[in-house]
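First chain A sits with chain B, and in the next complex the same chain sits with chain C.
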Partner chain A sequence: MLRKAAISCLALSLVAPAAARTRPRYGGTLRVETTGDPWSGFIRRLVFEGLTDVGADGNIHPGLATAWTAENGDHRWQFHLRQGIRFHDGTAVTSTAIAASLEASCKGNCPWTTMRALGSSIVFTSESPMPGLPALLSSDEFLIHDVNSGKPLAPGATSGSDGGSGSFQVSGVANGALTLAANEASWRGRPFIDVIEVRGHRAVSDQWMDLAASRADIVEVPAGEIRQAQQQHLAPVVSDPVDVLALEVSTSGALADLNLRSAIAWSIDRNVLASVIFQRQGQASAALLPQKVSGYAFLFQPQRDLNKAHELRGGLAAQSLSLAAPTSGAWQLAAQRIALNLREAGFSVQVVPGTATNADLALRSFPVAGADPAADLEQMLRASGEALPTIGRDSAAVYRTERDILDRRTLIPLLHLPRAYAASDRVRDFHLRFDGAPDIDDISLEAAP
Partner chain B sequence: MSLRQKLLLLLSLTVAAAVASVAWTVLVRIRHVFDQRDQEETALFVAQFQREFQNQSAGVTDTLSRLAETDRARFVATEVTQSGDLAPYLNEARTMADAAHLDFLEMVGPTGDVISSAQWPARFGYPEPAAMSPKAASFLKREDLPDGTSALGLFFVTAIDGVNPPVWLIGGKKLDQGFLADLPVAPGMTVALYSDAPSTPVTNTAASNTSSSAPPPSAFDPPRLIGVDGVVPNAARYENLVLTALRNGQQSSSILYLTKRREDSISVTALPLKDESGKVLAVLTVAISRSSMVEAQQHIRAIAYGVASTGILLAIVFSLWIAARVSRPIEELARASEAVAAGNWEVSVPERGRDDLALLARSFNHMTAQLVSQRERLVQTERVAAWRELARRLAHELKNPLFPLQLTVENLARSRQLPQAEFDEVFEESTKTLGMEIANLKTIIGRFSDFSKMPRPQLEALDAAAAVERIRALYESACPPNVRLLTDVATEPMPLDADPEMLHRALSNLVLNAMDAMPDGGTVTVSARPVEDTIEIRVADTGAGLTPEECERLFTPYYTTKQHGTGLGLAIVQSVIADHAGTIAVDSRAGGGATFIISLPKASV
Partner chain C sequence: MKHTGLRSSCAKTMVCSLAAALVVLAAMPAHAATSATRWDRPASELASRIAEALGPASAHLEFRNLSTIPAGETNVIQHLLEDDLKSNGVTLAGAESANAIRVTLSKNTRGGLWVAEIVEGNETKVVMEPVDLIPATVAPAPQKVTLQRQVVATEFDLSWMAENGIQSATPILAAAQANSYLVVLTPDRFAVFRQLPEGWIEEAVAELGAAHARSRDPRGVVTLNAEVNGFSAFTSGIECTGTFAPNPSPVIGSKWTVHCHASDDPWPVMQTGPDSWTRAFYNAERDYFTGVIAPAWGADLPPFYTAGYLPGRASGPAMLLTSVDGRLLLAESGQLKPVAGARDWGSDFAVVSAGCGAEAQVIVSSSGDSANDSLRAYELPAQEAVPVSEPMPLAGGVMAIWPAPDGKSVFAIVRTPMQQSHEFGYEVDRVTESCN
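And then the complex of A and B:
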């Protein structure tokens, strides 16, 4: 009996911590570091919400809108709003406020023809069908904010509201760190974490050092350095390929000739970019949409054909081309490699900083937000400034659309890259969303020992 | 120009020329010595610098050799050759280069393709031909860079130890400001590098070494001459030197003047840096400041100028002294000679020393003494002659009255035998004759007395015209009937400071003499006119004239051409004229009359 009791106590003592680990804990401060501005990327999505949202499966889920209906062959859309939602300053999130926010977001370049508040709903109409509107409204561009609120992040501002309604609200900015506090009234439910400190403009190596020294909880791992992070035992969490690394080609100036643009496309050795520079963490691809999203990416073979490039160039000696790219990291290396590839094909290419305007070529990344290929393609084209064709809902139509786009050689896909983050041991249930961003809502922190 | 001035000028010029030539010679010699020393020093510094450069080259060689022996290099080389996976080692070369402080480093596989590149990480997989031909020593190479430019570097190639097939390491240091800064240089020495780098990105050949495809040097681009502190100031002045080294491939030296100031000059040696094919890739300039040397030269020159100036000054002073010492006896002799010429024979000059000048002075003194002595003897002789003449004249003058006196006295004595009446007649006649002759004697004695008692003239302001007018008024009516008196007076004023009575007496004497000279009648002309600073008064007659002998002796006292003259008239006239600081001369020829010319100084108005 006594022996049974002792064994039972021992078993309980072993099981109790395991049971404690399975139960998320409320409270704590999550320290996030980023190379960019703290007020960008996934942090904004913690403060602001869209009418729709992309779920973990990549599909569109309700956000501030609970339901939506399409009429008249996708020419008219009506989004019914969630009731009782308030901005962080307590102001009600009304259809009027949402309409004003959407109008301010696209600033006259809206994908719809008209948009108006109708009761507790928003009605969009367009002269052309808008099959991807729900997905489009989930993008960062159309996050809802209170246009009448103050600007707490403005220089010198001491008060005001961030104008959002998300699960976190801005509580302050100090010493370059943005502080977010949990929104107790979030319709999604209160997050486990009380406070998020976001420190921006930190070099990747510094972030990793802070993570190793327990000064940070979530740090970035660029795609080209995932292998290095693994070697350093940072245990990065890697998403599926969600970023399309592409070469944006200007159709004006030296590359107005389609053959020259095609020669450029055939000159680039994508496989080397993927295997060496991006350390096998990316997928070489000649398709815009990743295979996981479109299902047909394999049809666009990323082969290099230098002879064909020479043939297409046909002795045309384009003047010295400029290739805009970030000045450091794998992207810079990729740009240099592309320049070397293009020199082999007879082009003279100069790599210039990414901030350079009017570059002939630019190395850009286009995010793949969801699992809807048509919507993703539409968002890519919108981001690149390309003309927006009407994209059908079926895969064949999307394929044809993508092929048409690629044939213009204004966007030359190179790689499909994942996103990766590394988290400290005190972060629990850390995983990435479909778009590769950390899912902060589900994160909780271990109690301090 | 006086003798002293000539001597001074001559001596000064001589000494100054001597000092200047010595100073110039010294300066030229000093400059030559300094230049020689500068060249030697420059050559020494350049040789030292070349040794340092070689040390740097050896440093690159050692660094690469050590890298090739490391386990890490061996591991990477082995892994890459076995797996062919370049991805893990993309930044390996950069890491190794940073650790070894190299600017360039590439690991090149057995096929000659780059495995990892520090300077151009994206260049993996592209060939690096230079790595396939290992060298025994470091070499220069122009390396293309990702930004489209190229950089000159000091490279070395070596195989990684223990890897087969061989994997190569090729790396080095960039020849740039940092490299120059690492080179130990002597104080005052500056080094710079002129790189003949292409300014535009290279096309078509990015995957291969393009160092030999650079265009030939043509124009000098000053901003490409880089020193430790950036672009070399006054880089344009290096143009000729650098281009010469670039084109000829030979070391060349020159002195460059950076500004107009001599101390801002540098002694520059241009060292061409060549690649293995002998092509000049860059020119290394080693400049040594000449400021300290020039300042030393200037200091010495200033001292030389000071010494020369002082020497010349002293030479002038010495020349003054010498000239004075040499010329003083001569000047004294000259002054004494002038005095002698002026009639003052009572002069003598000091006799200093025993040289030629002393002998000359002694001779001069002897000469003047002899002159004085002879003059005294002459005066004595003349005095004796004058006394004799006086005695003769006195005897002659006195003998004439004495003879009648003697006859009268003898006749009176004989008449004592005569009757009283006759005696009385004789006595009365004799007494009358005696009185007349005694009166004649008194007259003669009075004339001699007057001559001896010539008074000093009482000068008054007088116009010569008035004096002539006074003569005309006195003698015009008193002239013999066959003599005519004419006057010719200038119209302008002829002021004189003269004694009117004495001048009148002199002129009267001359007019009377002129009348006496024309017993057969004629014309006496008295004229007056100004001649420069004098007033010339002429008394001319138309008589028989005078012989040259007569003219010569005319003014000698007691000399006369008249039957009954005393010979004192013209002597008195000459005395009066002399007392008025004037002169009197006679112009006459036989049968042509005589003209006495009196010149008196014109009085100041």
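And then the complex of A and C:
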């Protein structure tokens, strides 16, 4: 309680009069804190770039590729590469280097049949159409790294050979903090900020305290704590719903029966999850794609129907089910609430840590990366290991695919959650990308008073 | 019961009521016709899809709106849909019907999406129709203005949508207009456009080349250049010229020649006479002027973003500049003096001499946290900025302001939010000061 009061008092002191709209200033060190590993999430996207990128509007924009063309009914794609780009160690970003990176990213489980460098372009071919390939290549999975730079994804190598070509390069790791330095030669233009320090594994309450005490500039605000952050005057910036909280349901063992899986879907009270656990910051939904992206999410009714659940279960007494969920904050509370709902429907459920393998049920989050419903659905299915159908591009076709997938009851959407971050008052032009991650690339720091 | 004067006078004569009714009757068909035309196609398409799914049957129609379509227009859409369903063989029935058609006017990130659920017993079919949503125009708020804005061109008027189907906004760094020509500088191109009845037509273009340094906050300047009978333009590490060669023969026509080359020459930052400019060296890596200018001004200048020439001051001409540290300074009589009353100023301004009041006014981009900027005119009778106009709202954020060649107006590059998108477009505005 004392800690909350301290944060509130310190946060109130952050309130400053509106400043004039002036040109952004170069220089300064941005201090970012996160509960996870410092080398994760949006930080990696500062160091590595994809062939394509998701713009603020959610649409696909050029990245290391400047243009792309599809032929033969989306079976063949050619991506033309930006010229004159270099990795952070000065090595040229060639089509051969990109092809090697893409090959290493998917290690034989690639969504294409063949991929090769052709002059200053990359050509993909596939036996089935790949209409969502430009969007897929913007995902974290296919960020380009120099495969010859040692351990490209480990920041331990501090010799400037992090293997990326992005706006920032890894400059060191010390005392658990990752340090990134501006890439002077970035094709996007030299970033305004000189240095980013990322401190990982910080509890949210510690992050908020650091922000209030001017020891941090950007901190996390979990969806379930947005209201609390607002009450403490941290002025969080909140995205549209971009995380889909869903229950992955095993089709083996106790839950091989479709009726049992359906009974689970009807048992869960999504509205309580949204209003109580996530403090009305989430939207209860039985759709995978959020309403803003698909326009048809309202067709999937999220109401609980315990009678229907009992009817579908039909007196079948499944053996005790395990529900895996991360142990942190709202996730654990949500898992406990779901277990309670399932017990009310006659299931026996045990909540286990998220690291547990072979759980019958797993609480997971799927990010919504862009504004293309078909591409988002494809990436969610890829992340969940579901069979990938060819998804038509028009809304009705995407709806039919989503309906077919949800009818299998192997994925049960629960909530659509926003992402939120709070920034210190010296951070200027702070906004979130379409996927809810902070757009650090273009922010600058106000001069010290 | 006590009536207001207006109501009682109307009640006495009945003329008001009759007139009002006539006005409403006259206006309604026009409005309805416009809306109907706009929604005709999607309503017809959706009705066809519904009829195809339902077949010639009767059904109860339910209707709701989850989109941004104004409530007044949903009635028009519902009537259109009812007519189209009937013409497709669907009979509309009451709530007791076994069949139901639930129509939802929805939207997603790409535009409108009209969804129809066709319920026949336990079976539900879904059909959809994508719709272009044109946001309702908002009438401009009444304002008392001394600054007048004219949109010269947007990037879309200049046909700068990227090639290969990639739709990406192109920043406009600077622009200048003289007679029927518009010269535009972007991070990639220097181009001359000519105004014809059908719009702006590109007459000549020079690519800046991939080798020139990109910048996070790219800037540029375009000035009228009498020496080359055309324009000069500067951006990070590049100088461009556009030369006009008039030809007396109407058959051959006049010709523009444009070219760009690498250059670290100082940029023209303020005009001190008809053909005389003060030039300043530009730091292309940090997007500001270093403070080194030619000719010298008699005082050591700090790094600055913008400079302007203030003639006719009591102690002689002065130079006004916004320094990188946020201060507004006057370089006057060999001294640097801070200016008060400029707390609300942005980094960009332009000095004009429109003959209103003092010899010169400073048009300044505004500040604040609102998404849109405004411009406001100030005078500097001493060391204090005094507003002499109301703020004039703009359609977005001001990215740059430069004096127009006539010295009486300014060009503003405005970054405008795109409809139904988080992206931005760019437009060139000409803002002219009118004297009260």
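Observations on the structure shown:
We adopt the following convention: the second predicted complex is superposed on the first by the 419 of 449 C-alpha atoms of A that agree within 3 Å, B and C clash if a C-alpha of one lies under 4 Å from a C-alpha of the other, contacts with A are read in each partner's own complex, and residues count from 1 in each chain.
We adopt the following convention: contacts are C-beta pairs under 8 Å (C-beta built on N, C-alpha and C of every residue); 3 or more make two chains touch, one makes a residue touch a chain.
Model, not experiment: these values are computed from the prediction.
In the superposition on chain A, contact is made by A:V351 with chain B only, not with chain C. Once the two complexes are overlaid on the shared chain, A:Y421 sits clear of chain B and of chain C alike. Shared-chain residue A:R188: touches chain C; no touch with chain B.
In the superposition on chain A, A:F42 contacts neither chain B nor chain C. The wider contact with chain A, measured as residues touched, comes from C rather than the other of chain B and chain C.
Residue contacts after overlaying the shared chain place A:S275 against chain B, while chain C stays out of touching range. In the superposition on chain A, A:W112 makes contact with neither chain B nor chain C. In the superposition on chain A, contact of A:W208 is made with neither chain B nor chain C. Legend: residue contacts after superposition of the two complexes on their common chain; A:A339 is shown touching chain B, with no touch to chain C.
Annotation: chain A has no residue touching chain B in one complex and chain C in the other. By the touch rule above, chain A contacts chain C in their complex via residues 18-26, 55-59, 61-62, 67-69, 83-84, 184, 186-192, 291-296, 298-299, 371, 373, 394-396, 399, 434, 442, 447.
On chain C, the positions that touch chain A within their shared complex are 66, 104, 106-110, 112-113, 115, 117, 126-128, 130, 163-164, 166-168, 210-211, 214-218, 285-288, 305, 322, 324-326, 343-348, 365-369, 373, 397-398, 418, 421-423. Residues 227, 272, 275-277, 279-280, 320, 333-337, 339-340, 343-344, 346-348, 350-351 of chain A touch chain B in their complex. Those residues of chain B lying in contact with chain A across their complex are 85-88, 90, 120-126, 146-148, 200-201, 203-207.
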